[in-house]
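Listed next: structures, encoded as structure tokens.
Both complexes below contain chain A, partnered by chain B and then by chain C.
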Partner chain A sequence: MKASKTIKNASRFSREITLGIGLLIILATLAVVAPGFYQAQPLLSLLTREAPSLIVACGMAWVIICRQIDISVGSQFGLCSVCAGLLAGMHWPIALVGICAMALGALLGWVNGFLVAGLRLPSIVVTLATMVTLREGLRWKRQGEFVTLPDTVQWFGFSQQQGQVTIIVVSLLVLIILAVTARHLSLARDIYAVGSDAEAARLAGIPALRITCFVFVLLGALTGLAAILNMAQAPQVDPKTGTGLELKAIAAVVVGGVSISGGRGSLWGVFLGLLLLACISPALTHLHVEAYWERAIHGGIILIAVAGDRFKQGKENS
Partner chain B sequence: MPSTLLQLSGITKCFGEVRALRGVSFDLQAGEVHALLGENGAGKSTLIKIITGAHLPDGGSITLNGNLLGPLNPAFARTLGIACIYQQPALFKDLTVAENIGLRLEARGAFKKVDWVGQRKQAETLLQLIGADIHPDEEVKELSMPEQQMVEIACALGAKARIIIMDEPTASLTRKEQELLFKVVRKLRTDGMGIIYISHRLEEIFALSDRVTVLRDGESVGTVRAGAVGEKGLIQRMVGRELAASSIQKNFTPGAIVLELRNLTCKENGTKNVSLEVRAGEVVGMAGMVGAGRTELAQILFGLATPGGGTILVNGKPTEIKSPSDAVKCGIAYVPEDRRRHGVMLEMAIQSNISMASHGRLFPGGWLHEGRENEEALRSIRELGIKTSGPLALANTLSGGNQQKVALGRWLATKPRVLILDEPTQGVDVGAKLEIHKIIRELAASGMAILMISSDLPEVIAVSDRIAVMRLGELVAMLPADATQQEIMAAALGQSVL
Partner chain C sequence: MKYLIVTAILGMLAFAGCNKSPEPASGPVSPAKKMTIALMPKSKGNAYFISCKKGADKAAHELNVELIFDGPTDPDPARQNEIIENWITLGVDAIAVACENKEGISTALRKAKGKGIKVITYDSDAATDSRDFFVNQATAQGIGFSLMDEAARLMGPEGEFAIITASLTAANMNEWQKNIEARRAKNYPRLKMVALRPCDDLKDKAQSEATALMAANPNLKLIMAICSPAVPGAAEAVKQAGKTGKVKVIGLGLPNENKKYLKEGVTESVILWKTEDLGYLTIYAAHSLANGALKAGAKTFKAGTIGDFEIQGDNILLGKPFVFNKDNVDQFDF
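Let's turn to the complex of A and B:
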């Protein structure tokens, strides 16, 4: 009885387990072939760089679990970064800047959510439109000009190492909070329900439209937070920042085992997926493989992940 | 001497730990209707899926026309002349009948020219063959459910099927539509086809079938002639014991009016001027032909349609119900008719499905409480007799009838003040049906106001305290509990009662 339960659990977390094993293999290979990878400072920098993406990916996971998609996060990220940079330049306290960035992100998310849920437009089209609009608007307004930040902003005024640790800890906290609520909040259950069958969920009295709108708002707010964590890593803000972030987040979510057709997946998987993808580039450098291969390998991993989903589903159906 | 079309012997099939079939043998003759009967989860659909190649058996052999078959798959089974008509016809709604038939039968090839004329002629011949009065140029979405099933049958004939399988084809049909289907089935039988027919309605099985194979817990309890054993005999074989005579206690003591409708009207869905009151402790049965507007009325009450006029009063207070979540907040629960599509979340656990509409009550503060959820699910499983390995199993591992019970369990768990049931016993087996009737009465006795839509007249009469009859969106009669079937039918058809 106990053994069978263990097996069941193992099959429920099969994606997480596979990813964990994959990650371990890469790390072990690196330990043998390129021990240089394991230096504290570069590792810390790697994790710090990925921290904002982790937060965005967590939000994206909820959107995809709800059977929607948001490809405007990169542009939202850019806009939040620039606005936060301008506020910080006016010497607002960084906490307040952070709150404003999250509020702005939430507002942008709400616009997406309103268009998708309120007007019943397909999310891919809506967010494509907002992605282009925001990005072009930003370019027109800034003309490519960087925002220079006061000294106190970088690393939140701490030493570099302290700053990096802070950023990593914040992103992990967000992950843990969201992953725990995924298991324990009835709201999270509702999101899964809407993602697996919106009409059935509505008939069960779940406010499906409000929930759809909510996941966009949540993603927007998290994107705002991520923008702050990113801003603290450099002395200035590039208005092009965040370009391609949406693809990175979606890739992590899909590799992490969230079903693109909604209703399935866990945030732990997304975390592992992101780590796996993030490891590829330094691993290639240390193994002296040309960096061109990085994109190809990412693509390969995504394909394998999606094919794995299909295979698993096929097996269940037969 | 009829020839044996299909012979299954010793078929076994396991899903993980669940042994769905344990050595079932079955044979089908040419020119017979062979019914499959059994409780929910007995293995009927699984057996069918093995014949159509949708599932591979773990053991046993399949012989077709005397030839032993290797492993099947759906495409191969189709070429062998095995066709299956599911409850939900799988047709393209925006295409015409002829196009649908053509699509099914046409040899594939992306660049082949479509032979429109031939396609239409073929459709016409096939429809004529089964005596269906359907125009080939009609769009499928305009067709009624049995007409769509006819189109499916025409496709099967066109594909030269010799074996036609029907899994609960009549679950959503009216009596008249059902007659239409039966006529076609009888014609197919005279033409020498073999038909496997699954239904939970015993009267259909008596009317239609030559032989009946009864399944119980994945085993065949034998094949008999329906007439030879009678209803009692069949039920006894199904459940393995004599079913205690049902004694439904109707001890209705009228309470306060819980739900009151005043001149409720909705142009969009055709509801006209309905006034009705339901008291605490009362079961009001809703009879009428399919299309009489009963489901539409329920949809207004559950916030799925907006009324154009009139008032809804819950506990005496005028209430506006704009969405299902409003309705749930007012204590109104609605178990929809089409539970297979709109009832359960197939990819979620049974217990999540059951707690889905009761989050507010079970998890105050929004924090999930697994223990409480589990308890609730176990109670539903026990009370409704849901056949499953446990509350954590996914809903898609359940048989059709057991999924229905999960949907019912979900709404019972909300402890509503007003419970609206739309065809509550559709697709559930005889034993469970009686159980559900008893539960409905118990819920009423505990003070709930219940509105029960049902096309099963004996059920309406057995369970209700009053019987509301609807016709063309209007409430045409309110009959007492002891009304006869004739009286109800007369009202539903718009004839004068006397």
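Let's turn to the complex of A and C:
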């Protein structure tokens, strides 16, 4: 009896275990071939740079678990960054700027959520439209011009190291809070239910549409927070920032074992998936491999993950 | 009395209306009429083009020509066409355009040429048959050689450097890179390019790439960023790594985005053309073309106080790019 439970647990975490092993192999290879990878400053810097992506990936995981997708996060991130930068430039306190960025993100998420849940439009089309609209709007408004921030904004006024640690800690806290609620909050269980079968969930009395809208709002607010954590890492905001972020987040979610057809997956897997993908680029630089390979390797990892998903589902269904 | 007041008010209104009109000299052509040159930026608010206009104003003043400066508020090919149509109706003598869309604008320019208006492009070209000359601000060779020479000047006789580009497939960057490599192989064979990384034209990604480059290449002496967002991105990475002065940053970029790092000594120099000279040369070329002094097939061209320029085919070359550094960057605002 106990043995079977252990096996069941192992199978529930099989993706996390596979990912963990993959990550360890890469890290061990680097330790042997390119020990230069293990230097405190560049590693701390790498984690700091990836922290905002982790937060966005966590939000994206919930959207995908709910069987939706949001490809406009990169544009939301850009808009939140630029608006936050402009407010910070007007010497608003950074906490207030952060709240405004999250509110703006939530609002943008709500627009997506309303169009998807309220008007029953497919999320890929809705968010494709908002992605292009927001990005082009930003280009039209800023014409590529950077937003210069006051000196106090970088690292939230802390020293560089304190700032980096703060950013990493905040992102890990977001991960932990969201991962723990996934196990214990009825709202989280409802999201899984809607993602598995929206009609069944509705018949079971779960407000499926409101939940669908909620996951978009949550992702938007998290994107706003991520924008602030990214903004604090440099003295200028590039209005093109966030371009390609949607692919990064979706890749981390899929590699992390969240089923693209909704209803299953865990945030721990997403965390490992993001770490794995984030290691690839610096690893290639350290191994002096030509940059041409980077995208191909990313693509390969995503393919393996999706294929693994299908294989696992097939086995369970038979 | 009432009649008088009404007339006076109407008169004032008419007078105010006249003043507001952007083109006061729209009456019948008199023999003493000044030459009119119309200059169009990609967009009016862009600091880069405002800086071009400064040079153009100076040239117009020296040549005693009427300069019209107008363009879309935002980069908009359709609006550029509308403005050119207006200029054709107005009967200007010469038009100089920085084209937002090569195909889109060429038809309107051909029409202008058909009406006997001289057409010049600057900054970015239109189809070659739709204009007389293109004022080319920088050739791939000029950019590539200048960057490599600047790198060599800062690095000394030997050492390692890395390049951050926008993407591995961008045609113009590959062309620059070919010239950088040609210059390196011929003049500085003991300098070694150890890595080439793309940053997708994003400042944030350039920062991550530069961090990894420095960690992976401990002997790195210089990072050359050949797309504009990569210059401040690489500089921020160098600063955060505490390697200011040890790893030098140079690149192709805008003075304003790099001012802070130039002054902090992180970025050594930024290369770009002098936009004021570009505007100045464009107006001089348009003027000479309109009065017949500049004809197809010319090999050189003299522009007022800034000197002689080479002409390659139908391209008037602005010449070697300009190097911005901490001593001169404050003179520029774009």
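Here, the second predicted complex is superposed on the first by the 318 of 318 C-alpha atoms of A that agree within 3 Å, B and C clash if a C-alpha of one lies under 4 Å from a C-alpha of the other, contacts with A are read in each partner's own complex, and residues count from 1 in each chain.
Just so we're on the same page, a residue touches a chain if its C-beta (ideal position, glycine included) is under 8 Å from a C-beta of that chain, and two chains touch if they have at least 3 such contacts.
Computed from a predicted structure; not experimentally measured.
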For the overlay on chain A, clash or fit between chain B and chain C? fit
Touched partner set for A:196, first chain B, second chain C, both or neither: first
Touch check for A:207: first (chain B), second (chain C), both, or neither? first
In the superposed arrangement, which partner chain does A:285 touch: chain B (first), chain C (second), both, or neither? second
Just checking: does A:159 make contact with chain B only, chain C only, both, or neither of them? Give me first, second, both or neither. neither
I'd like to know which partner A:186 touches here: chain B for first, chain C for second, both or neither. first
Going by the contact rule set out at the top, does A:263 touch chain B (first), chain C (second), both, or neither? first
Rounded to whole Å, the nearest C-alpha atoms of chain B and chain C in the superposition sit apart by 38
Do chain B and chain C land on any of the same chain A residues, and which? none
The residues of chain C that touch chain A in their complex are 43, 45-47, 74-75, 168, 194-198, 200-204, 207-209, 211-216, 218, 229, 232-233, 236-237, 240-242, 256-257, 260
Inside the complex, what are the residues of chain A that reach chain B? 4, 8, 183-187, 189-190, 192-193, 196-197, 199-207, 263-264, 316, 318
Considering the complex alone, what residue numbers of chain B touch chain A? 17, 54-56, 302, 304, 323-325, 327-328, 334, 336, 341-348, 352, 356-357, 359, 363, 366-368, 392, 396, 410, 414
Residue positions on chain A within touch of chain C in the complex are 34, 36-37, 39, 41-42, 45-46, 49, 140, 143, 145-146, 160, 230, 233-236, 238, 240-241, 243-244, 281-282, 285-286, 288, 290-292
